[in-house]
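Structures given as structure tokens follow.
What follows is a pair of complexes built around chain A, which joins chain B in one and chain C in the other.
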Partner chain A sequence: MKEGFRQAMAWLHTWVGLIFGWLLFAIFLTGTLAYFKDEITHWMQPEVQAHPLDDARSLTVAQAYLQQHAPDAARWFITLPNSRDPGLSVMWQDKLDPGKRGNFVQKVVDPVSGEAVLARDSKGGEFFYRFHFQLQMPHPWGRWLSTLAAMVMFVALITGIITHKKIFKDFFTFRPRKGQRSWLDGHNAVGVLVLPFHLMITYSSLVIFMSMVMPAPIMASYGADTRAFFSEMFPATDNAPALGQPAPLQSLVPMYTQARAQWAGGQVGRLAVNNPGDVNASVNIFRAGSDRVAQDFGSMVSFNGATGELLRVGGGQSLPALIGGTFYGLHMGHFATPVLRWLYFICGLAGTAMIGTGLVMWLGKRQLKHARTGVMPYELRLVETLNIASMSGLLIAIGAFFWANRLLPASFAERSDWEVQAFFIAWGLSLLHAALRRGRRGWIEQLSCAALLLGAVPLLNAITTEQHLGVSLARGDWAMAGFDLTCLGSGVFLAWAAWKMRCRMAPQPTAERALGLNLTREAR
Partner chain B sequence: MKSKTTLPISYRLAVTSRALAAVFGGYLIASLAAVCMALWLPTSRADAVVTGMMSSFVFYLLAVLWCFACRTAWRAWFGVMLPTAAFATLAGVGLWMART
Partner chain C sequence: MLLALLLCYAGFTALCLSTDRHHGELLRSKPSPQRRLGWRASGWLLLLGSIWPAVAVAGWSQGLVEWCAVLMLSALLLVLLLPYLPRLALSLAGAGLLASPVAAFVTL
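This part shows the complex of A and B:
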């Protein structure tokens, strides 16, 4: 490391990018899918019907359902349907044991008929959302690892910017069909084009988990009583304890109307009812996260459930809390309208592509040296295998997850777990395949497989449900139709990529030689 | 940084040493900087803590960049230890003042 500053930064960029690239690729792609998590869930639970939104009706139905099925529960939670998620979700907790978490029961209720919907057991889009920061690891290790990956991403971004000095001039340089050079141009172009998104998404992921990964300042200011910090930050919902005297719960609808008036017409996201059926029942109405960019967890109105009297209006943030809430809100994108949501999705894909092109370039550059002999050292073989399995293998795993959702019978025990198993089994098999089939052959076969799996999703949907494209488009169910069409589009794109790679391979008998010759020409 | 086979063991040890300084030293600097802000910023206690936590990652980043940009691995450690000592002193004074 006796070179200049920029070379040192390029070195750091190269190596942290390699070591964390595979993990970051998976985090970025699944996180990008999570922007459409409600839509994915809708596709994966086609039994949940969408109805025109009517909050008052939904609320009455939810209250009646809970009154009938869980009158003695300690707490109720009601999540109202919205334009993205058509399900009216109710949840209750039987008993509040201090220090122990009571069991939650969750049901999706039809907001018109008032009956529980018998939807197939599926994690839906929630799986991608959870995976992108928990990585299917036990708590809290997955969160730590993904936050570490975010820190590495931050380092990789800044070192990338330093390395890439002529950031704007180079942006207009794209040299297509030039092998290694094109990969570099592409890497730079997607990197720079959505740079604000990259910086925002990376830094905000650090901010989201900051109290977990950076607890020292809390301990320094609050000592052992770290709870005091959280109750100062998120003003505690110190609800009155149950008195044990029964009293009927008032209708929730007038409280809903009052709460919305407090927010000048803002939307309600979730309601929590503590001790329903007690004189000390309390109703907390939380504002929807989609109302504003900055997330404010304290934005709620509470009522006495037995009298309907307004107790407290929470909310309002200090400047640092507002900045933190803005980072949180920007990362989650709850506020995003359809157009903005697609922009988020495209930016996420661009980030994924930036990581992918970086990994491909790392290998391509080093393969050059071994092009003549045709013998690749063990490390390069390993990187090649991991590149194939982490990129095209992940696409296959996503496809397998969707297929499992349609093919596993609804009565199957632990069905949603088996969908997840299908995801990981497919990913594992693709790793095995990548280890056995070398170079371009591995890429082509896996990309073709992913293209087939994703491209055939509309067909699969048409065969297994009554929600095929003709129906969903005619009814204006854009989540259902959009999912089918996006899968079809991805399938076509992947097929094109596989075909492109095949064309490159065809004139030469072996993949390695074709790649090698191409690259040596570029290197001059 | 040329061919992998010609890299001497001392070079590899130096890189490992820099990486350790970056990961652990960087975290130490970030934590202590955050603690200093939490104790010294003239805002409410909770706000000072949030500001400290939120900006700590920038200190982490700067420490990592330093560890790989400086000329030797020894300098990397020196460059990590100096701000650590400064922040630790500042934090210590802050804690002592809060106690009394």
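This part shows the complex of A and C:
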């Protein structure tokens, strides 16, 4: 009975892992990159200069800019520069008839000169962030698919713990250079050692989308009026309407100071001004997510924009909201200091590696049966193609995305869309290549290609901008330098992986036979 | 975070030495039952003790998150080092323990 249960779990782990493994690999890798979203954006928009932070100056500059360029907008949004993202970003929404949503316009303003920065049009790190839960699909579908993948991941984790029951006994075991056995060891090691992270990241992703996945509790408490739930959760959406009587907007700086005093010196993340220039203008000042682990969407201070009068202070979460906010905060890691951010990144890579090794093992086990005849059935061939394209192909696509950012001319129409196109074209080509080239050869060629693309990023940056490593390191611009160095490091690692696979390829027949023998011995 | 890292790494190394297989690989001998118990107890004590410096520096919420991160990463580092550079893995733990009073002095 017990053995039967474990076998059933192993079956579920194997097949669920295979079907969703390719998608989960992409979600995990792009999500891991999203931990450095701001740093990637900084690299992809090198025109945005970093200045010493001065919130009052930035705020005055932003207000003056918006007053001049968008006095009649329905809403203004101001995001202050911080140590990770040097850009002062302003956004406004055009005023339209009631019931319609106006277009958003976003600009990056230099916080010293007050001029709009002519930065190249690029999605930057936001692309990876959006992709990891929207999957470049039309609105609800991508979110549903990624949430489904998260549920499957949770199932795979739990069945995995049951299947590989020896993981806690063999906690410190990793035996390299032993073929299939090493893959299993590696899969178990990254699985169990980083298990708290895997469980946290998977469960919290479900918590983040819980109102979409399980709306029943909301409907039960709020009836058909689900808006009431959201305006209670996100009080910033509940603002006074415009009266149509013009009145000048007060300076935002004193409101900023008052808001920070409310939070005992906490940082301001974003400001929203509703109906600027109206007698009923309201200013919502939101606390930065980097202040605390638990995210509190209600943590904001609201002012009347025309009089400067403090209207309300939001925040103070109920226990369930605090738990939900904690999961949200833990998943996003906004609060992480640079060291902790790197640890998050490494954990994310470990998760990616766990999925990747699982996929490789699935195929490796089944390939052994056909090693002697040398003829692989169609379905194994398909899995092999998808393995290559989903792993090394994705790395090539990421490299292509960065290259497109530097090589497309700044004046190119719909430039940021073309960067994304380059990503998917490269990914598609790698799928084609994987279908044409067999097995190890496909791996080696794609890994080498990815190594070349990523390893040459510092060179590319040096040729196309004036922010090469010498400059960025000397100036202490760690986001820029760190990006170059990380790409270089990944390039070297991928080159090493490709070289390793090449070395293994030459004496393949004997190695393969020895591997088969080893495995049969272990199976006994 | 450094002190917590040093303690976690040493703690995991001690736990690793409490198993017959790894004790044999690293120290080329089979541990006596008392030895094994000693390694195990000191390993758990070090791991539990490492919570305190993490929380003392960064507060409970941030500190616990940092401690979890350090816990996972130190184990990952140890397991990756063991097959390739076992001597380094072992001496790192010793050096870490020796350096921990210095780290405590600097950070706390």
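By definition in this document, the second predicted complex is superposed on the first by the 498 of 524 C-alpha atoms of A that agree within 3 Å, B and C clash if a C-alpha of one lies under 4 Å from a C-alpha of the other, contacts with A are read in each partner's own complex, and residues count from 1 in each chain.
The rule is simple: a contact is a pair of C-beta atoms (placed from the backbone, for glycine too) under 8 Å apart; a residue touches a chain by one contact, two chains touch by 3 or more.
Since we're looking at a predicted model, the values are computed, not measured.
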item	value
Contacts of A:Trp144 with chain B and chain C, given as first, second, both or neither	neither
Contacts of A:Phe297 with chain B and chain C, given as first, second, both or neither	neither
Chain B versus chain C as contact partner of A:Trp499, first or second or both or neither	neither
First, second, both or neither for A:Trp478, with chain B first and chain C second	neither
Partner chain in contact with A:Trp418 - chain B first, chain C second, else both or neither	neither
First, second, both or neither for A:Ala189, with chain B first and chain C second	second
First, second, both or neither for A:Val207, with chain B first and chain C second	first
Residue ranges of chain A touching chain B (in the complex, touch as defined)	1-3, 5, 8-9, 11-12, 151, 154-155, 158-159, 203, 206-207, 210-211, 214, 216-218, 220-222, 229, 232-233, 318-321, 323-324, 327, 369, 379
Chain C - residues contacting chain A, complex	1, 12, 15-16, 19, 21-22, 61-62, 65-66, 68-73, 75-76, 78-80, 82-84
Touch list for chain B against partner chain A, complex	1, 3-4, 14, 18, 30-32, 34-35, 37-39, 43-54, 56-57, 60-61, 64-65, 68-69, 71, 91, 94-95
Interface residues, chain A side, partner chain C - complex	171-176, 189-190, 193-194, 196-197, 292-294, 326, 330, 335, 339-340, 343-344, 346-347, 350
